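Common to both upcoming complexes is chain A, partnered first by chain B, then by chain C.
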Partner chain A sequence: MTDATSQIREIARNLLSEGRVQTVLGYEEAPLGLGLRPAFVREPSGTGRLVFDARPTLGLARYLPGEIASALARAEDGAAGSGGTTRGATVAVVAKGCDVRAVLRLVADRRIRRENVILIGVPCSGSIDEERFPRLIAKCSGCDARLPEGCDFTIETMAEPRPADRHRPLKVEDLEGMTADERYTFWQRQFARCIRCFACRSVCPACGCRECALESRSPVWLERDVNPSTQSMFHFMRLMHTAGRCVDCGECERVCPVGIPLTLLTRKLMSDIRTLFGVEHPETPGDSEPLARFGLSDPEEFI
Partner chain B sequence: MPWNPLIVAFCCNWCSYAGADLAGTSRLAYPATVRIIRVPCSGRVNPQYIVRAFQRGADAVLVAGCHPGDCHYSTGNYFTRRRFLLARTFLEYLGVEPERFQVRWISGSEGPKFQETIKEITQAVRALGPNRKLRDES
Partner chain C sequence: MKRIGVYICHCGTNIAGAVDCSKVSRYASGLPGVVVARDYVYTCSDPGQEMIKQDIAGHKLDRVVIGACSPRMHEPTFRNTLAEAGLSPFHLQMANLREHVSWVTHDREEATAKAMDLIRAAVARVTLHTDLASLEVPITKRALVVGGGIAGIQAALDIANAGYHVYLVEREPSIGGHMAQLDKTFPTLDCSACILTPKMVDVSRHPNIDLLAYSEVVEVAGYVGNFRVRVRHKPRYVDSSKCTGCGDCVEACVMKKRIPSEFEAGMGGRSAVYIPFPQAVPLKAVVDGTRCLFLTRGKCTRACEEACSRGAIRFDDSERDSELEVGAVVLATGYDLFDARTKPQYGYGILKNVIDGLQFERLACASGPTDGKIVLANGCEPEAIAFLHCIGSRDVNSNRYCSRVCCMYSMKQAHLARDKTRARVYEFYIDIRAAGKGYEEFYERVQEEGVHFIRGKAAEVSERDGKLVVRAEDTTLGRPVEIAVDMVVLGAGLTPRSDAAEVAQTFHVTRSQDGFFAEAHPKLRPVETNTRGIFLAGACQGPKDIPESVAQATAAAGKVTALFAQDFLRTEAMIAQVNEAMCSGCLWCKPVCPFGAIEAVTITERSGRRTVEREVARVNPSLCQGCGACTAACRTGAMSLLGYTDRQVLAEVDAICLGTPS
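== the complex of A and B ==
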């Protein structure tokens, strides 16, 4: 068994040289030792750049709609010239378990077609950067998506889960045990740090509206001025808009530059969807999401 | 001036608004604490409306619609029920007292229920005092 990097390179080289894909989305070394960054590899000769290890990586699902659209456009141009067809206009993507769910989210939301993606699944032990920050990142604690499912290729690696971290002191249940005022203070302190960079929204595979309500000028839902009230409105909107479609990839929290524990919010919604509506796996993309339907026997608490 | 609670009530056109109307024509007295906003269906109420009402000074928000099974559009209020069960637990998680956000089913013939509901919520909010949470004070 060779390491993940060699296996990914080989699969990528074959896919590109056989013309089965136009792009392989993977990771490469960022300059200055800044970790792994997304790589768009379009030639077999470029596959030597691809790298994969346990260092935290940006989920690549967000790139798929754009990359597939341009691959299809290129293929159509080519087909027009040679009288051929648009077959083979696909993109391959390197994905851990959480990333696979993100890709399937895009498929379920009809933003991409499954047949336009080739999934190269990598079993995952949890993201960690031994040199720079030798702790499991928060989103990986308690993750049950380490073995990617339903992929076209699966890398063979040992994926023994790393032990859960100690630096995640709070869980959803801890907050539920507080009084309303304590919770309010807790969240106001968290939201006060938010610089509204929108990274949490931009990275989210469940955020796909062409016009985002957060940026709407008519009506204005989110005022530009920053105060506790508008900060709360922002977070309430983002969470409500992704409720029932969040895949628990934890990318929002991982990219947040100011360390707001956003999965404490997404996981609360998920656990309520589970208990209130009996949806066992709200994080798994399906045909009809929990808030796009209803149950005649939903709890009747409203009298 | 003594403080009086302010309740924003989103009432569906077909049932709850008619229920409020009936309370009025039947001369059923209830506290003047409520501002009614008529919506086509309780399913039309976006959870953002609740936060917006709190931002602009509401002490409590009520969403009222037809009883499940009686929706003018057949199923609108089933979506309402699901959506606001979740929005309610989430608002609570953010620290808003559960008494400040309520959902009720009030039919067009239930004038007295409308009256009772406003009385009840007014009482509950009086006990809690003015709401400052989520309010835009800038």
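== the complex of A and C ==
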């Protein structure tokens, strides 16, 4: 049991037994040694299941809108049954730096309210892929947000040393160094592998449409047949729908079963926003969403 | 199947010169749904419209496509045609064969093919058109005039005299603007203050005018007929209801005459508590919060307070905002004089006795700091004066445009110099631009008065042996000249106000390339902006002299009163609409709406076995102007613009991309 695990368990137990939260969203051991899986702990007695370590884990932010909604509904039913008043139901969530930004994304998009979430921040020095030989997973390479900020609780652990990146993934600079033709060929090759499983869409904290444009049947924005044009279109549409709102959590790339380097695309977009709009941290949601406001100094080279 | 009529307009030779119109109409007749297709020389003419009406009746048309000019020009015309024939005016689609085809495509074959593409797209789209409805909203019959110079004053008086209420907002403590600083006006040599002051008094006494001096507009929301304006009133630190403008506090102030006076263009001093000029309206003192020793450092004897017998000084005054509701706005924010410091070769700000045009006005003015004596910094009368034209104007390095007034004001000042001193007077000019009533005659008069005109732009001013030396090329003689003078007056041009960009954004108006506010059309809509209900007057639109400013102010006032003569305005029919089932309630559409038309509403809906509450965006149809910014901001596709729905636009795109012209 690591230090982080015991601290998370204690915080979770306190929160649940004091009735401050209805659910703690954390991680537990998956059966058959398959790593970590999300855990929904609703009783103080269940907090012993909670575990945290450096194995790659699913970001939990995506579960919050549904969990908060059902917690609210339960609180309402309880209040109606006991004749009491409805209390703001709250869900606690274990979050790494990237997950915290994902939660803030949901708040900025008004899909949840900040007061309904208790953030248990865990410092993270990157997730380790142990399958073949231990190395940082691609999305954690180059991450500079390992210490979560603005959390209600922060787990105190020393950042553990991690093995060096043996396989340096492609960076935005590498992409920008290519000629247009090389880039085109590169992405056509990447997108050709796509099986349109929609995992990248489903895991994205910035995707919140009630009807996804990628699946819309009226109008049909994306044809169903598989050809290079629709393969690219799928990814460009997804990318543009998260432009200016992507929090660089890298979950899209982590879950991609065919290994398309999707963070390369999102990070290129962020680098452009940084250059064009002078926004230092385009991945941090806040009042100054660069693509949702108009400023006198905005670049207008195209006009 | 819809029954579509297609009409291809020749527009004389405007379209027919480049497009084979009869070929396009033959092609159109074969498109799906088209029951009649014709080409006609002037479709917008009376017989052209009559032809369409007869076809609507005879062929039982329910959709009409017109290939002609820009819909900006004639969409309202043809909508009326349809309405008169008993069809919904929105069952029309125009294809812009003039601006999009004949004016930009020179190859006849290509132009004809492109025209066919556009007609095919329009036919594909028009079947999806629906009937749209607009609302009638009442007009707030009060106007806001921004800027209290001569243009703002004139506009305010004209609107007020028509019987409507006017708020006149001026950022300075007094109205009057630059005209109040001038001595005489060209070419009639009227005393500027003598003709302006009565108008200023009229404004302050007019029962229909609320004068909001020392105030600034900080926010404008709403739309034509119903603007909501937030005005910030700067603290005067003087109770205006008690102050009589006696000036006792000004005399008592320990900073007496130690602060350069803005009104005197820095030629005189003022106190920290001051009255901008003797004829100021309102004639009330004001404490300069940035210079008052008590307000900045807390250390002062507060002699002003003691001196004021009415107890009007109030150091606890603070900034406050108020909300106005108005139906129309006249922008008359004026100009800045070109800052001659940016041209160091002329020595402005470096050499004594190099002054700009406004400073000379104050020297020449009988109520100015020298009581109208034209003197050097040492108090002596100059023996020679040089007037330099085109400072900052007609110059690729600063402003390319001609500032229109500098020739005339420099010559008027030359006249004043000859009149009041025995000095030799030189005018260094590129051209004399004297195109106004009596202007050329004034030019001749000044020449006869013995002013030396040297044709050539002055290159530099330097100091030698206590004299100022002006170097120039005399282009009539073709050789360089050097003339020693005692005083140099720079005929500085006019520039947009330094904060014109912010003001343009506040009022949602555009600016032209030179930075002045842009009119909606340079010839046909010279006092309107592209934002309905916001009009322009005076030099904020471009350099103007007093008669032109007054004429434009009256024109703007005429536009405002014409608007107010109506009781209702019809709202846009092509407005944004939210599909609440699809709206995820992120409200990213809200901050991009320039009209404040989007708000969050809570809806209840069924989700499974439960009734849940959810926030979604909703468009206020009377505020929405149909700009479509929200539809671009909406990722979820819940927002659509009526008349430009996804299906309608996609039908056009598909028709252009997938079809082939025969």
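General observations
The working rule: the second predicted complex is superposed on the first by the 287 of 303 C-alpha atoms of A that agree within 3 Å, B and C clash if a C-alpha of one lies under 4 Å from a C-alpha of the other, contacts with A are read in each partner's own complex, and residues count from 1 in each chain.
Keep this in mind: contacts are C-beta pairs under 8 Å (C-beta built on N, C-alpha and C of every residue); 3 or more make two chains touch, one makes a residue touch a chain.
This one's a predicted model, so the numbers in the text were calculated from it and none came from an experiment.
Superimposing the complexes on chain A yields a three-chain arrangement in which chain B and chain C clash. In the overlay built on the shared chain, the residue A:187 is in contact with chain B alone; chain C does not reach it. When the two structures are aligned on the shared chain, A:294 is found in touch with chain B and with chain C. More residues of chain A are touched by B (comparison of chain B with chain C).
Shared-chain residue A:208: touches chain C; no touch with chain B. When the two structures are aligned on the shared chain, A:110 is found in touch with chain C, with no touch to chain B.
In the superposed model, A:63 lies in contact with neither chain B nor chain C. By the touch criterion defined above, A:176 reaches chain B but does not reach chain C.
Of the two partner chains placed around the shared chain by superposition, chain B is the only one that A:268 touches, whereas chain C remains out of contact.
In the overlay built on the shared chain, the residue A:198 is in contact with neither chain B nor chain C. In the superposition on chain A, A:232 makes contact with chain B only, not with chain C.
In the three-chain model built by superposing on chain A, chain B overlaps with chain C at stretch 93-101, while the rest of 3-11, 21-29, 39-47 or 93-101 show no clash. On chain A, the surface touched by chain B in one complex and the surface touched by chain C in the other have residues 213, 293-294, 296 in common.
Only residues 69, 73, 109-111, 208-211, 213, 216, 218-219, 241, 289, 292-294, 296 of chain A touch chain C when the two sit together in their complex. Chain B makes touch with chain A in their complex at residues 47-48, 51-52, 55, 68, 75, 78-79, 81-87, 89-90, 92-98, 102-105, 133-138. Residue ranges of chain A in contact with chain B, taken from their complex: 175-176, 180-188, 213, 221, 223, 225, 227, 229-230, 232-233, 236-237, 239-240, 243, 265, 268-269, 272-273, 276-277, 290-291, 293-296, 298-303.
Interface of chain C with chain A (complex): residues 501-502, 505, 581-588, 591-592, 610, 612, 615, 633, 635-638, 646-647, 650.
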